[in-house]
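Chains: A, B, C and D, in written order; residue numbering restarts at 1 for each.
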Amino acid sequence: MSLLAVREVTKRFGGLTAVDAVSFDTHEGQIKAIIGPNGAGKTTLFNVLTGFERPEDGTVTFDGREVVGMRPHRVVRAGVARTFQNTQLFDEMSALENALVGRFPRTRTGMFSASLRLPGTAKEERLAQEEAAKTLRLVGLGDASSVPAGDLPHGRRRLLEIARALATEPRLMLLDEPAAGLNSSETEALAEVLYRIRAEGITLLVVEHDMGLVMEVSDDIVVLNEGKKIAEGPPRLIQKDPAVIEAYLGEEEADA
Amino acid sequence: MGARPGRAQRSRLVLIAAIVIALAALPFVYSDAYLLKVLSFVGINVIIVAGLSLLFGYAGQVSLGHAAFYGIGAYTSGVLAVRFGWPWIACVAAAVVVSAIGGLILAVPTLRLKGHYLAMATLAFGQIAYVAFVEAKGITGGIDGLSGIPSPSLGPLELRSAESNYLLVWFFVGVALLLAGNIVALRPGRALRALHASEAGAQACGIDVVRTKVQVFVVSASLAGLAGSLFAHLVGFISPSSFTLVLSIELVAMVVLGGMGSLAGAALGAVVLTLIPNLDAVVPGMSPRAVELLQDWNADIFGVILIVVMLFMPGGLAAGAGRLAGWVRRRRPAPSEAEA
Amino acid sequence: MALALMLTLAMVGCQQGGEETTDLKPTEEPIKIGAVVSLTGPYAGLGGPEKNVIDMEVAKINAEGGINGRPIEVLIEDDGTDEKKAQAATAKLIDKEKVVALIGATGTGQTMAMRGDVDKAGIPQVSMAGGTVITQQFDKLVFQTPWSNTIVVPYTLKYLQGKGYKKVALIADDGGFGKDGIAVLKANLAKYGMTAVAEESFKPEDTDMTAQMTKIKNAKPDVIIMWTAGANSAVVLKNAEQLKIDIPIVGSHGNARMELVKGAGAAAEGFRFPAGKILLPDEYGTDSEEYKVAKSFVDEYTKKYGEAPSTFAGHAYDALYIIVDALKKLPADFTSAQLRDEIEKTKDFIGIGGTFNYSPTDHNGLKESDLVMYEVKGGKWVIAK
Amino acid sequence: MGVDAEVTGSELLQFIIAGLKNGSIYALVALGFTIVYASTKAINFAQGEFYMFGGMFAVFFLSGLGMPLALAALVSVITVTAVGLGFDRVAIRPRRDAGPLTLIIITIGGSMVFQSFARHAFGPDERPLPVFTAGPSIDFFGAAIERQTLWIWALTAVAVVALTILYTRTKLGRAMRACMENREAARLMGIDTNRVVTISFGLAAGLGALGGLVVTPLTQTAFNVGPSMGVKGFAAAILGGLGNPLAAVAGGITLGLLESLSIGFLSSTYKDVIALAVLLAVLVLRPEGLFSRASREKM
């Protein structure tokens, strides 16, 4: 059974169709990549899958529940976490605090109980701290827990955002270009982290431009172009797919 | 909170304890009605600013209408006491509830607004509330104000003296700061800061942005309402001119001057800016001429302090004090700064 | 904590030291009176002359031997036209300076705000603000010196009735003065056979009233009554001129300021307003006692400060001398209750605003006969016919 | 009052004239807000004081120093522009990159100091200024237009045209517009953004001063007239849509008309409430302002 089922999702902005009747499935324990040239609609698709955008058409089912119409925080609580292409960290908060915010859906202390420090809040806080620290260690940021997120170098910011998403205890994680701006050793470390996450039993859906990384880590690839799905399959087949090659060649020509 | 909670936290607790004891002991060792009255006004502003700090300093939602919530609290309390003879504690509770409702009424339609647009919307709300205070003469007493508001009382115990009112106000200051302090130290406080830094990031962490914004607005408004109630019973007379835009602007200035995202800073900002016009209350032995000059140049001093702090203390008084403390600590040979 | 305690103790020490040094002449310890005046904020223009008068007259009283040999000292505090500051100042004057009586405040709101502390301390307060509420919400400790609207409005309406006007248009600011005036006007119009055909208001800080005046023009009243005190009075007159409204306009005692005549220029010609006789002391008759008091006050003030005193200056003069006259009648060991009683017994006190007669039911003390109707002619005040 | 007579055409015209007159002043102040906002993203709380200074300095140069009216007016606008430039130099430039909040608090401080300065220097009473052209008001289809109102319209129009030329025809104006769109990008393009901020403070001060100057003959001026006009100008700028000069002008005119028509058809007591309620409705329904096409902030 698929964990995430995307069916005929269409999202338009004015006259532009950013995502055009896209369907695919993601299975439990997979690392699935979404690739495509710039403007193919990958980020928009992510926004639809996580409740940030509402599609005009189509359904998104996660673990048997309809995601379309859920607001983003509900989607996270249902078990889908995400990162952003432009990292959305809380810069003035420490790395640990960022990860602690990630614990939000798995903790309960509200304004009222916090203000009075009702019984249970201290215990919950302590556990949350431990969990948050654990996710930091998992991505290799155990040494940076007290550093403000704004002071971290770019590569570590990407890792911190992953840690924060991990802290929400997701079953599915959506990573939007996690390797963008990373150097090769950082990218290798990232691949390592992705395997570790999968080892935790978490399914991954990754938008990525770094083909080396995509081919290395993903079990399955969806290719988008101009909002449409043009191919889907394992890496070795995708590499040879004429439609994919065509789409990428087009982009290179445009860039040149 | 740093990596070494032990020592830093201990010294902070000692500092807080010292402040609490000094404030509580003050009226017993030195009873000066003027000083106590001024400090009561300071305390009232600290309570409002504690709430505004949550809303603005932490969650980044600006409000130029907080004088309205303060006024709603004051009028609720005053009207119920004067016209309906409610007991004091019931008036306080009603003031908190009614201003919380006011916060809800403002928060819901303005949820989508950010920055200067939110500032303008809250400003408009404040101005409309002011007109309501003036025009609802049958209830509020109109522009002439509402007089004869009784002193706080608990059963047969009536708190009329400056000392008892001072202690009452600062008791509530303590409560307000404790509640707000707990909020910011725990999960909801992190949600507020997250919201401020990145709404998308906060949503991606499962934070219900709408609900959190409404909640913090309500909490903030109810603290202002509490302060308003205390004010009404402390002074016995309220009129619309105590709840104007000028006050709202001053309150925002207190939060920024003290330090965004710092409760202690905001409180410090409130203390400093409230004391300026009545500096002679805390500085003993000022000559009448000096007092006269102080009053004449009050606005200039206020303005110059705002400018100078903003120019030379990025992050406000709290950050400035923190840097000063850090400098002092560094002057002493510290054993090991084991920080990453 | 020990540090905080030490600091507190040090403050106590300092304070006691400070108090001792102020008593330079223990044999003739001054009688302390407190004054709460708006020297900054919107009412700064009113409070300034009030302070001037107090400074001038206190020096004069002390030069003439003070009160039964004791000098007086008036401690002036600025309330910044702010009620909270007025209260802090009151607490300071009562508890720290131990004043025997309070003058002030300049504004009605500030006066009302002082009441709680005044009641607690049980000392008399003589306000320089004109709000009806001050003496209508009666407090046996609180007196006032300006004409309240309950005196000025009937006087004005009687005058207008004499002119045969029936339909009036009302325009007022929506601050304390204007709102109070409108309320008293509406309560009294019928008594003088008049009806209101229009009622308009504006905010004290508004800069244009052509829309309001257009509506008034449309209502075709016999006379326009304008109840406001600030700079807007001139704007109303100018807007009326601009709209070619040739309906007579009558103002209030809040218009007895030369700034209005200067500000409105030609538009002020023919404008009438009621006020005390201080503007033209000759009205008293040059051989009367009232004339002498007013004339010497005007002359001294003009000599010292280079401009004629405003009516607000007169309110401060009256407040000060009402207290001083009461003090003169009391023994050296008087109590505040005695002082209050003595102020209430004030009879035929010839002041600047008129002749004061306080009673247990009347803490305003003035009568309609203390007023005259003025008219602006050739940029000057003359008695209106 | 229940005695409202029919509103005739000439009265309606009179309300519109009043609205356009006040609206022009609001527009000049709103322009100041929007120009500073465009370059700093901050609201200049001292804008109302520039307005106050415009009238106050003119009074001082005229009655205090005996200059002829035209010269006094000109020197006043120049002086206030210099004050704006000086304020930027002393208090804004050192913390220009600290973010809008810091700048806002600095301008609040500036507004207090300016206001207090005016009280100390010029006294607490209101001060008059003569009209630019004496004479009775002009009849216009049964409505009256005061001569000074023509001056207000003329000078507002000149200011708007000059500003449009500056923005569209000069290199400086293009730099300012680039800053408005995206300050970082403008800096990368080699535009001296510091200079743009300085100039915007000077322009804002000059425009505010012009507003205060032309209206003082009608209203007189005093040390404390700034804040309430500041609020009106801010409201007008928001109503139109922040950051767009033409929208600010449209916002100012709209606000002026809204007020005078509220008085004319509804109630003078609630005219501000009505204007503010409309403003709130606009904010809630169209947060980007009535006349601005600027896209809403993206996620």
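Operating definition for what follows: a residue touches a chain if its C-beta (ideal position, glycine included) is under 8 Å from a C-beta of that chain, and two chains touch if they have at least 3 such contacts.
Computed from a predicted structure; not experimentally measured.
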Third chains touching both chain C and chain B: D
Required minimum of steps from chain A to chain D, each step between chains that touch: 2
Chain whose mean Cα position lies farthest from chain C: A
Chain ID, smallest distance between chain and overall C-alpha centroids: B
Centroid distance [mean C-alpha coordinates] between chain B and chain A, Å: 41
Whole-Å gap between the CA centroids of chain A and chain C: 72
Centre distance in Å when chain B and chain D are each reduced to the mean of their C-alpha atoms: 32
Distance from the mean Cα position of chain D to that of chain C, given in whole angstrom: 35
Two or more partner chains touched - positions in chain C: 40, 174
Junction residues of chain B, two or more chains touched: 200, 296, 298-299
Sequence positions of chain A contacting 2 or more other chains: 52
Every chain pair in contact, whichever chains are involved: A-B, B-C, B-D, C-D
Touch list for chain A against partner chain B, complex: 50-52, 71-73, 76-77, 81-84, 88-93, 97, 100-105, 107, 109-111, 114-117, 121, 124-125, 128, 143-147, 164-165, 168
Contact footprint of chain B on chain C as seen in their complex: 1, 3-5, 7-9, 11-12, 14-15, 17-18, 39-40, 75-78, 80, 82-85, 87-88, 91-92, 94-96, 108-109, 112-113, 115-116, 120, 131, 133, 137, 174-176, 179-180
Chain B - residues contacting chain D, complex: 109-110, 112-117, 119-121, 123-125, 127-128, 131, 135, 199-200, 245-246, 249, 252-253, 256-257, 260, 296-300, 302-307, 310-311, 314
Complex contact set, residues of chain D against chain B: 37, 43, 45, 91, 94-95, 98, 100-102, 104-106, 108-113, 115-117, 120, 227, 231, 234-235, 238, 242, 269-270, 272-273, 276-277, 279-280, 283-284, 287, 297, 299
Residues of chain D that touch chain C when the two form their complex: 1, 3, 5, 7-8, 11, 14-15, 17-19, 21-22, 25, 116, 119, 123-126, 128, 130, 136-137, 144, 146, 215, 218-220, 222-225, 228-229, 259-261, 263-264, 268-269, 272
